[in-house]
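A short worksheet on the structure shown next.
Each chain gets a letter, A, B, C and D, in the order it is written, and its residues are counted from 1.
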Amino acid sequence: MPAWLFIFFGALAIVAAFGVIVQRNPVHCLLSLVLTLLVIAVLFIAEGAVVVGFLQAIIYAGAIMVIFLFVVWLLNIPGTPAPGGQLAPKFIGAIAASALGSMLFAFFSEPEAAVRAGAMAADYGSISSLARVLFADYLIAFEVTSVLLLAAMVGAVALARPPKNLDAKRDAEEPRRDEAAAG
Amino acid sequence: MTVEFPALALILAFPALGVLFNLFLGPRYGRRSVNLVGPGVMFAAFAVAAWSFLELISMAPGSALAVTLWRWIAAGNFHADIGLKLDALSALMVMVVTGVGALIHLYSVGYMEHDEDIARYFTYLNLFAFSMLVLVLADNLLLMFVGWEGVGLCSYLLIGFWYTDRQFAYNGRKAFVVNRVGDAGFMLGIFTIVAALAHEGVWTLEFSQLQMHAQLISPVMATAACLLLLVGATGKSAQIPLYVWLPDAMVGPTPVSALIHAATMVTAGVYMIARLHFLYQLAPVAMEVVAAVGAVTALYAAAIAIVQPDIKRVLAYSTISQLGYMFLGVGVGAFGAGIFHLMTHAFFKGLLFLCSGAVIHALAGEQDMNKMGALRKKLPITFATMLTATFAITAVPGFSGYFSKDLILESTFTSGHAWLWLLGVIAAGFTAFYMFRLIFMTFYGNSRVEADKLPHLHESPPVMTIALIILAVLAALGGWIGLPQGFLWGDAIGRFLAPVVGEFVPAFHASAAMLSMAATGAGALGFALAWLCYIRAPELAGWIAAHARASYQLLLHKFYVDELYNLLVTRPLFFVSTTVLGRAVDTFAIDGMVNGAGLAVESTGRLARRVESGNVQHYALLYLLGALGIAAYYLYRVLA
Amino acid sequence: MISLNYMMLLSGALFSIGVAGVLLRRNVLVMFMSIELMLNAVNLAFVSLGNRLGTMDAQVIVFFVMTVAAAEAAVGLAIIISIFRNRESVNVDDFTLLKW
Amino acid sequence: MTIDFVVYAIFAVAMLLVGLHLALFLLYFERKGSALIHDRVGANRAAIFGLGKRLGMPNLGIVNTLLADPVKMFTKEDFVPDGADKFLHALAPFIALFPVLVTFAVIPFGDTIDIAGRTYQLQAANLNVAVLYVLATIGVGVYGVALGGWASNNRWSLLGGIRASAQMISYEIALGLAIISMVMTYGTLDLQEVVRMQGGTWLGVIPRWGILIQPLAFVLLLTAGVAESKRVPFDLPESESELILGYFTEYSGGKQATFMLTDLAEQALVAMLLVTFFLGGWQLPYLYRGGFVLPGGFQIAVGGLAVSILGIIAFLVKTVAVCGFLGLVRWTLPRFRYDQLMRLGWKGLVPLGLLNVVVTAYLVVAFGSAK
C-alpha cells in the first residue's frame, strides 16, 4: 500500500472515528462507525489479512452494525439527549482519554522494535492458510465460540422478549379487538 | 472358606425397595398397596435369607457367604467397603430379623388398620428392617455402626410415631439421646481399635482382619476398647446404666415394641459383643464387667417388673432383664448360649408383645392391667399363645426359654461365677412371678374392664392371630435345636456357632441336672407366689404393698433412677447450656464478635459507598485511571 | 510496506477515541459503538503485528474477536432494549441502580 | 502498465454499461413482458411522429420505455419531505446503487483476450477472492435501502426500510451458504477459475456446468438472490398494498430512478452470479481454445479472438435468458406475507443450505474438489 493511500485511509478512519463520538444523532454516529469499520477492513487487506478484511466488511459492517441500526430505530431516541449530569467526571474523562492517547503515542513513536520478520508464507492471509490455523491449532476455541454464539442468541431472545405481564395485557385486549372487528 | 454370594444384597434390597415405595408411592396408592408391599418385601427378604441360610449350612462348618458391593471409604492406608458377610452368627441373626420381622409386619397390618398414617408407619418399619440387616450383615465395624445408627433412628421415629402427643415425642427424644450417649462410647471404641491397630501398622475394621490381628492389640487397649463398646451396647440393649429409655419406648405402637424393643434392635449389643468375642477374650476384665452388668440388670429389671401396672411396661422390664441374661451369657464366655437365648427370646418376647398388643387392641388402647382380667374366654387364641410364651420365658422345661436360659446359667456357674449365677436364679424366680402375675391379672380373676369397652371386646383378626400362632409354635419348640450336651442331637446351635464365636470351655464340671433343678425350682416358687397373690387371695397383693410401702414405692418408681439421672445429668446440663453458655458466652462473646464485625463492615461500607455512584462511566473512568497508572509505570520502564 | 509504528499509532488513536466516546457520551448506544471502535482498533494492531511477525495466529484472534463482538452486540443490545422498556431512556446517567 | 490501466478501465466501463443496459432491458421487460403475460397491450408508443408506423415497426413500446420514462424521471422535481434528514436522504440511493455497480467488476464476462501482444482476463478486476468481495458488497448494500427508509421521516418508509434490511440480512445467510458450497466444490474464490472449471464435458456430451453438480445450491442462490434484489415475490419492502411504496415512498425524480435502477441492476447481478456459478459463465458448450469439438468428434477450428467473442456472447445470452426467467417469476408468483418470508428464509433455505454445505464437505473430503 503506497504511503499516500495509507495517509488518506488513516485520516479517513480517524475522522470517521471522531464522527462516531461527536455527532448528536445516533444514526449518524452509527454510519460513521460503519465507515470506520470499512476503512479498517481496507487496512486489514493492505496488511495482508485479505480474508479477515472481507469478513470484517461482511460480518461487522454488514450484519452487526445493521442490528445496531435496528435497535437505534426501535428505541427511536431523541436526537439530543437532555443536557445535564455531572460534568466533573466528563472533564476528568476527557483528560484521561487524551492522556491515554498521548501515552500510546509516546509508546508507539519509539523506533520500531526489532521485530523478527518471520518467513512470510506465500499464501499469507489466504482463506486456506487461515482455515489451516483455525481448524488445526484453534479448533477447540472455534467450537467453544460456536457454543458462545448459541448462548448469546438464547440470552438475547430471553432478554429482549417483553415481560409476561405485557403479553397478558395484550391477550386480555385480544378478544375485545375481535369484537370490534366483528361489530 | 468364604464364597462370593451376590444374592446377599437382595436381602437388603427388598426392604430398601419397600422404603422407597412406601415413602413416595404409598400415600398415593393407599392402604391396600402399602399393606401388600410393607410385609411383602419382608417375606421376600426372608425367602432370600432362608435360601442363603441353606446355602450356608450345606457348606463346611466355619465357612461364610460374602459379597463386597463397592469401595465405600478410602483414606490413605485405611479403607472400608460396603461388604456383606453371612457366617453362622449373622445367618442366625438374619433369620431371626427377617422371620420375626416378617411376622410382625404382617401383624401390623391388622394392628394398624385404624391408623391413618399407615404408609409412614411401614416406611419406618421397612427402614428399620433394612438398617437392622445392615447391622447384622456388615462385614466391618464401620458399616455395622451405620446400621447401628440406623436402627437407633428408626426406633426414635417409631417411638414418636404418634408425635401429636407431646409425651410420646418426648419419650422418643429420650430414647434417642440416651442412645447417643451409648453411640458415643461405641464410636470411641471403634477409634480405639483403629488407633491400637494402626499403631501396629494394620489399617482395617473388617471383622475377619480384626480377628486375624487381634493379638496385636495390647490388653490395656483391648480392655479400653471393649469397655467403650460395652457402653454402646448398654445403650442399645438397655442395660444398666443406660436402660432408662426402653420402658418409655413402650409408647410406640405395640408391633414396634415387639420388633424393635424386644426381638431385634435391643439385641444388637449382644450381637456386637458376640461378633467381637475375640476382642473381649483378650480383655477378661471387660468380660467380667459385661457379665456383672448382665446379671445385675437381669435381677434389677425383674424386680421392677414385679409391681408395674402397665402391661407393656412389665414386658419392657422383662425384656431388659432377659437382655441381662444374654449379657451374662456372653460375659462369662458362653457366646453361643447368649446368641441362643437371643434367638429364643426373640420368639417368645416378640410373641408376648404381640399378645399384649392383641389385648390392648381388643381393649381399644387400654394398657393398665388393673382394668383387665377374665379375658381368657374373650381372647382364646391370644390367651393360648400368650400362655405358651409365658411358659417359654419362665423356662418351663421343654419350652424354648428353658434350654437357652438354662444353658446360660449353667455356663455361668461352671465358668466359676457362683454369685452371678445366684443372681440369675433369683431373677428367674422374679421372672416367673411377674409373668404369671401378668397372665393372672389379664386373663383370670374377675373382669375389671371398663363398661364402655366391653361391647367391642373381640378376638383379633386372623392376619394378627396367624402371626401369634406361628410365633407360639416357635416359642414352644424353638429351643429344641439346642439341647443339653449328649442329649439326642445335643447342642446343635452351639456346634453351628462354634466356628464363629468359639467353644465355651467350662472351668470345672457340675451336674447340669442339679443346676437346672435350681433354676426351675426358683421359677416354680415364683409361679406359686403369683398364684397365691392373684388367684388364691387377690387381696394379698394390696396388703403387701400397703405394709412394705417403702420398697413397693421404690420398685414402682423404678428405684427413682430417672429422677436421679435428671438430677445428676440433665439439670446441670441445662443449667450450663442455658445460663453459662446461652447467656454469657453466646450473648456477649459470640454475638458481640458477630455484630462487631458487621458493624465494622457497615461503617467502612458507608464510607466506601461514596465511590459507588452506580454510573457506569464513573466506573469506567476509575478503571481507565488505574490502567493508565500501570501503563505509565511500564512506559517509564521502557523509556528510561 | 507501511512502517509498523504508523499502524500502531493509528490503532492507538482509534482506541483513544473509543475510550473518549465511552467516557464522554451519555447515550448508551453510542457508548456501545465506541466499545466496538476500541475492539477494532485492537484488531488493527493485531493484524499489523501479525503481519510483521509473519504469523496467522493474529488473524485467527481477530476472527474470534469478531465472533465475540457479535455475541456481545446481541446480548448488549437486548439488555439495552429491556432497560429502555423499564426506564424510557438510554441516558446512562439514569441507570444508577448499580450501587449500594 | 498504462495500457493495462486503459484496458481494465475499458473493461470496467463495458461491464458497467452491460449491467445498466441489462437493467434497462429489464425495465422494458417489466412493461412488455408483464403485458404479454397479463395479456394486455402494455407500453405501446412505438414511433416518433408516427414514423414508426409508416415504417411498419411492430408496436414494441420502445419509446416510452427506453426514452420517455428516463427523461420523465430525471426531469421531475426532486422532492425532499419536511423533517427529513436531507443529507442521508440524498445519499441513500447512491449508497444503495454503488455496491451493486462495483460488484459487476469481478464478474468474468469472457475468457482471456490478447491485446497488443498481452493476454488479459476478460474481467474488470481479476480478484483472487472475488467471492468474498461479492458477499461483502451485497452485505454493505443493505444500508442504502435502510437509510432511504429512515431518512425520509415517514413511518411507511421506515417500515419498508426495516423490512428491507431484515429481509436482506436473513437471505444473505442462505445466499452465503449456497456460495460457500460452490466454493467448496471448486476449491477457489476466483470467479474466473470457477468458470474455467466448468469448461469441458462429461462423457463428451454433458457440459460440466455447476447446476449439474449442485442443483440444490442453484435453487438456494436463485431464491436468495431474488430476495436480495427485493423483487416479487419478495418485494415486501415496497409492497404498495401495505406501505405505499416502501422505503422510497418519499423519493421522486432522479433518486427514485436510482433506487429502481438499483433493484434492476441487482437483478441483473443476480442473474450474472447464477450464470457464473452454475451455468458455465462464458463457457460455450463444446467450444475450446482451438475451436468446437462436437460430441461426434467433428472439429471446427475457430480463431482465438473469435473464441473470446463467442464466449462473451454466450455469457450475455445466458444472462439475458436468466433475467427473462426472473421476469417470468416476477409476473407469475404472488407476494409472500412477511411471516411466510421469514419462515421460508430461516426455516427453509438456511437449513437446506447448511445441509448442502455439510454434504458437499463430505463429498469433497471423499472425492476431492472438482478441480
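Everything that follows uses one rule, which is that a contact is a pair of C-beta atoms (placed from the backbone, for glycine too) under 8 Å apart; a residue touches a chain by one contact, two chains touch by 3 or more.
This one's a predicted model, so the numbers in the text were calculated from it and none came from an experiment.
Peer 1: Which of the two pairs, A-C or A-B, is linked by more C-beta contacts?
Peer 2: Higher C-beta contact count between the two pairs: A-C.
Peer 1: Calculate how many whole Å lie between the centre of chain A and the centre of chain C, each centre taken as the average of the chain's C-alpha atoms.
Peer 2: Computed from C-alpha means, the inter-chain centre distance equals 6 Å.
Peer 1: Report the inter-chain centroid distance for chain A and chain B in whole angstrom, where each centroid is the mean of the CA atoms.
Peer 2: Whole-Å distance between the two chain centres: 74.
Peer 1: Please tell me the distance, in whole Å, between the geometric centres of chain B and chain D computed from their C-alpha atoms.
Peer 2: Averaging C-alpha atoms per chain gives centres 92 Å apart.
Peer 1: Could you state the distance in Å from the CA-based centre of chain A to that of chain D?
Peer 2: 30
Peer 1: Taking each residue of chain D in turn, which ones touch at least two of the other chains?
Peer 2: In chain D, nothing touches at least two other chains.
Peer 1: By the touch rule stated above, which residues of chain C touch at least two different other chains?
Peer 2: Expected reply: 19, 23, 26, 93.
Peer 1: Could you check chain B for residues that touch two or more other chains and list them?
Peer 2: 615, 617, 621, 624
Peer 1: Check the chains against each other and report every pair that touches.
Peer 2: A-B, A-C, A-D, B-C
Peer 1: Which of the residues in chain C end up touching chain B in this complex?
Peer 2: Of all residues in chain C, those touching chain B are 19, 22-23, 26, 31, 92-93, 95-100.
Peer 1: What residues of chain A sit close enough to touch chain D in their complex?
Peer 2: Per the touch definition, chain A meets chain D at residues 25, 27-28, 31, 34, 38, 41, 50-51, 54-55, 57-58, 61-63, 66, 69-70, 73, 127.
Peer 1: Can you check the complex and tell me which residues of chain A touch chain B?
Peer 2: 89, 92-93, 96-97, 99-100, 103, 106-107, 110
Peer 1: Hey, which residues of chain C end up touching chain A in the complex?
Peer 2: Chain C residues touching chain A: 1-10, 12-21, 23-27, 29-30, 32-34, 36-37, 40, 43-44, 47-60, 62-64, 66-75, 77-82, 84-85, 90-91, 93.
Peer 1: In their shared complex, at which residues does chain A touch chain C?
Peer 2: For this pair, the touching residues of chain A are 1, 3, 6, 10, 13-14, 17-18, 20-21, 26, 29-30, 33, 36-37, 40, 43-44, 46-49, 51-52, 55-56, 59-60, 63-64, 67-68, 71-72, 74-75, 77, 81-82, 84-86, 89-90, 93-94, 96-98, 100-101, 104-105, 107-112, 115-121, 124-125, 129-130, 132-134, 137-138, 141, 145, 148-149, 151-153, 155-160, 162-163.
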